[in-house]
Amino acid sequence: MSHKTTAILLISCPDQKGLVAAIADFLYQHNANILHADQHQDAELGLFLMRVEWDLQGFDLDLVDFNTAFAPIATRFQMQWRLASSGSKPRLAIFVSRYDHCLADLLYRYQAGELNCNIPIIISNHTDTKWLADAYGIPFQHVSIDKNNKADAEATQLAILRHHHIDFIVLARYMQVLSSDFIRHYPSRIINIHHSFLPAFHGAKPYHRAFERGVKLIGATSHYVTETLDDGPIIEQDVARISHRDDLDDLIRRGADLEKIVLSRAVRWHIENRVLLYANKTVVFD
Amino acid sequence: MSHKTTAILLISCPDQKGLVAAIADFLYQHNANILHADQHQDAELGLFLMRVEWDLQGFDLDLVDFNTAFAPIATRFQMQWRLASSGSKPRLAIFVSRYDHCLADLLYRYQAGELNCNIPIIISNHTDTKWLADAYGIPFQHVSIDKNNKADAEATQLAILRHHHIDFIVLARYMQVLSSDFIRHYPSRIINIHHSFLPAFHGAKPYHRAFERGVKLIGATSHYVTETLDDGPIIEQDVARISHRDDLDDLIRRGADLEKIVLSRAVRWHIENRVLLYANKTVVFD
Amino acid sequence: MSHKTTAILLISCPDQKGLVAAIADFLYQHNANILHADQHQDAELGLFLMRVEWDLQGFDLDLVDFNTAFAPIATRFQMQWRLASSGSKPRLAIFVSRYDHCLADLLYRYQAGELNCNIPIIISNHTDTKWLADAYGIPFQHVSIDKNNKADAEATQLAILRHHHIDFIVLARYMQVLSSDFIRHYPSRIINIHHSFLPAFHGAKPYHRAFERGVKLIGATSHYVTETLDDGPIIEQDVARISHRDDLDDLIRRGADLEKIVLSRAVRWHIENRVLLYANKTVVFD
Amino acid sequence: MSHKTTAILLISCPDQKGLVAAIADFLYQHNANILHADQHQDAELGLFLMRVEWDLQGFDLDLVDFNTAFAPIATRFQMQWRLASSGSKPRLAIFVSRYDHCLADLLYRYQAGELNCNIPIIISNHTDTKWLADAYGIPFQHVSIDKNNKADAEATQLAILRHHHIDFIVLARYMQVLSSDFIRHYPSRIINIHHSFLPAFHGAKPYHRAFERGVKLIGATSHYVTETLDDGPIIEQDVARISHRDDLDDLIRRGADLEKIVLSRAVRWHIENRVLLYANKTVVFD
């Protein structure tokens, strides 16, 4: 809820001595007022990850010149890095089918100012959720999908996404499996919510299978979509206790609350550039 | 911590009208002072499960005559049933290997009066935990196991169990897989602790695999041992949140706390006759 | 999500032998197909509490005749009792001020069919949330309140409630303290959400005080409103872990999610006649 | 479980530009291999807090010379700072009364290598727990306390603590209130476990009061002892869900598990120099 405009620098590189000193000194030389700095070292992989956020007020380097100014350090330490600013909102497309609880939750949070993004379009293979899009004033586009038109439908979806300059996609209980080709257009930029505690019950009908297996907790998992189903880097998970008093409908109802919370956290962290990826895992600097 | 001597009746039968009336009337006729009564209906399977516990003071039926007196009702409703009394403590054998945290926890709780059982013997394929057995004054027997003597070792173990009139077994991080033959001697009477949130990461090295997969919560599961590895009815599960700041050693350390809590709950519930089995699941009347 | 029409009988009385037998026999005589039965004994107070729910299909007693038929048993055991039916939806009025997250959550759940009630009116001392009422098609009435018109405003509110035959009220972050006189019109029928883990931080600005005190978890509490502020019987509570990384705005944002979940559970349980009151506490048969 | 010898630098100072650059550069100049670095800024108070841990292997500054070398930076930024090394174990005295669950838990963890400290003495106003001290081979001293000898007893305790060169004290359910004078000898170095979710139910008999109030969760809080009872900086808290099925004995039993976990976390974090104090709060760099 800060009203400051900030810059966020995300770095991933081999761990080496002098790294933090070089970065901190660079920012200090340009009069950065650092608000948050988090770092993580993976000892086993010899990897260094960092997120640093500073107030742009007083920072004496124009962001368009950042690349040039930072390049020597980045080269010296073999960094993979990315600069973001809270001033430029990423553009989000939400995909949804019939279940509308995650969509309703995201739209409420968006309207309440919790999600610092723009949502230019909602895409659905059904029309059931159009009323929600209307209530929140978000354009809604119906792209119907059946066994025979899948490739065409994805082509249509991709065209819509391009038209709206979409930066990332949220699958808010979207019940279609995306093709590898589609996923390659948005690598590490499609967030899914799966209604189980992955890797338990990946694939179809997780609540049914959880009920049958007699687990004592149900879960939900938000992850980036990769070409292997339900196998992408996990951003967030949570669970809720159930008992024999809960039947399958109770699991589905209670799971819906988990899904909303877990997905909305993942989306917010992604928007706020808090998620770093490595080795099919995430580091979340929350 | 109640010092009353109580009887516990556990019933499982097809759901029918008049069931509760018949049972409640029977107990009332014999002047039972009911302390707890729990029931569960599985609508899908048409199954009725009940646990009722009453104070034996004032109950006008000797427990040795219960069978005869209750038989007409049991027959009429096709009940599977079992009577237990808090006055007769079940006899528990603990199996352990090298990790001693679950053993230490169980022994402390036993000594503190939390577990209403007798523990006549601890059996281990190592001698590392003998000091704990000694500290709590429990007999300890070392039965070494290697690739070539497994059948013999199990025969030795079974002889020890018979000798001590063991009612049920707890595998407190016992790192050997029991044979089907062994398991058939104690059906639904061997409790294991698995160091993951089953069915995720069944089998070997669950913490390593959880770490690799990048999950955001780790878990532990207590279950009855069946012939399929890590697939028996789940009694209890719990999870703990982890983050990128936790390395593999942290997972193992934090998981140990989960394992202790989850296993000790399951053991206590088993001892207090709170666990009913059906359809490879448990109902826990806690 | 069951589509059966059911009856629910709620009983509170001194604990006595023969109680369950009498009730179960009564229901059996009238051919009730019992779906759920829960009971609780408070040993210290010698109190017996019960909730029993049965399918009305096949039940041979008209609910209008229940009172007469059940009276002998009720008298014999000095019961306080109440009969409800899932077929008659209670009428709920929501009071709200400016914070709209609980209102939005309740309306979404209502629309989704999670809350088996009617909501004929939303009353607010502000107009900020009117758009939400409109989006869900619920009548909205603005009753402004200031220091000088409080009694008049409450009289207006009571008139609106009477006009709509309101059964119970939910204060969805309603920021006005209700007078004792108002509360006496709806005894044990006003549900509030307080944004702390009561009894910690009762009264004003709980998140500010939680932040100052440096607690490691924040909470939310749903309770029935009584004449002593934040002191009524607690229906539900939950907490979320926070850390030094969370500033006051984070506490408020994360607390909002707790408030939604905790309030909606309490409202659902109240609607489903799962909450029994005694000794300024609740028993929730969930 | 790392077997490296590390140095830990803890810093607290007014937030200023150039801080991190100066510290990181200092460590780099001395060839420090940084393992963990965490920092926190309190925007409201303008405060900067940091914990940095590095491998002593390769570090070219002897720790006895650190003070002199670091002084210019410390002075320039008005730092309060402290240097610790994993190589020098702090000396812990445990105070206990009759309840032994926290003591048993700490001793087990100590023996298992989870707590990187020495425990030269256990002091108790009772003799009930002597068997545990004996089992783990820790000296035990009985200092009896009654209404009339309190000052003398504390003098005796202080003499014992001095004799054993005690660095910090853990009150493992020690049921005596320490005098202000005693506390002043170990400022921010006495850790208590309180059996409630503070600030709820501070003072005596918290489980009884929680039971009476009808809360739905019980808690435990570990905090540094200050002169105001149960009001010191909170290090860790946790809660467990209870229901009407739990009587007072259940609360006490389940609370004991919370107390063990919460206290042991706080003690470990204190030992590992993860806890920083400011404004009657803690920052835990875990």
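As written, the chain order gives the labels A, B, C and D, with residue 1 at the start of each chain.
Methods note: contacts are C-beta pairs under 8 Å (C-beta built on N, C-alpha and C of every residue); 3 or more make two chains touch, one makes a residue touch a chain.
Everything numeric in this text was worked out from a predicted model, so none of it was measured.
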Query: More contacting C-beta pairs: C-D or A-D?
result: C-D
Statement: Chain centres computed over CA atoms; the one at greatest distance from chain B is chain A
Task: Please report how many Å separate the Cα centroid of chain C from that of chain D, as a whole number.
output: 41
Message: Just the number, please: Cα centre separation of chain A and chain D in whole Å.
response: 37
Query: Can you list the chain B residues in contact with two or more other chains?
result: 43, 245
Message: If we count contacts the way the header does, which residues on chain A are in touch with chain D in the complex?
response: 17-18, 20-21, 24-25, 27-28, 31-39, 41, 43, 241
- prompt: What residues of chain C sit close enough to touch chain D in their complex?
  reply: 40, 43-44, 197-201, 213-217, 219, 233-234, 236-239, 243-245, 247, 279-284
- request: Spell out the part of chain B that touches chain D in their complex, as residue ranges.
  value: 1-2, 100-101, 104-105, 108, 112, 114, 135, 245, 249, 253, 257, 261, 286
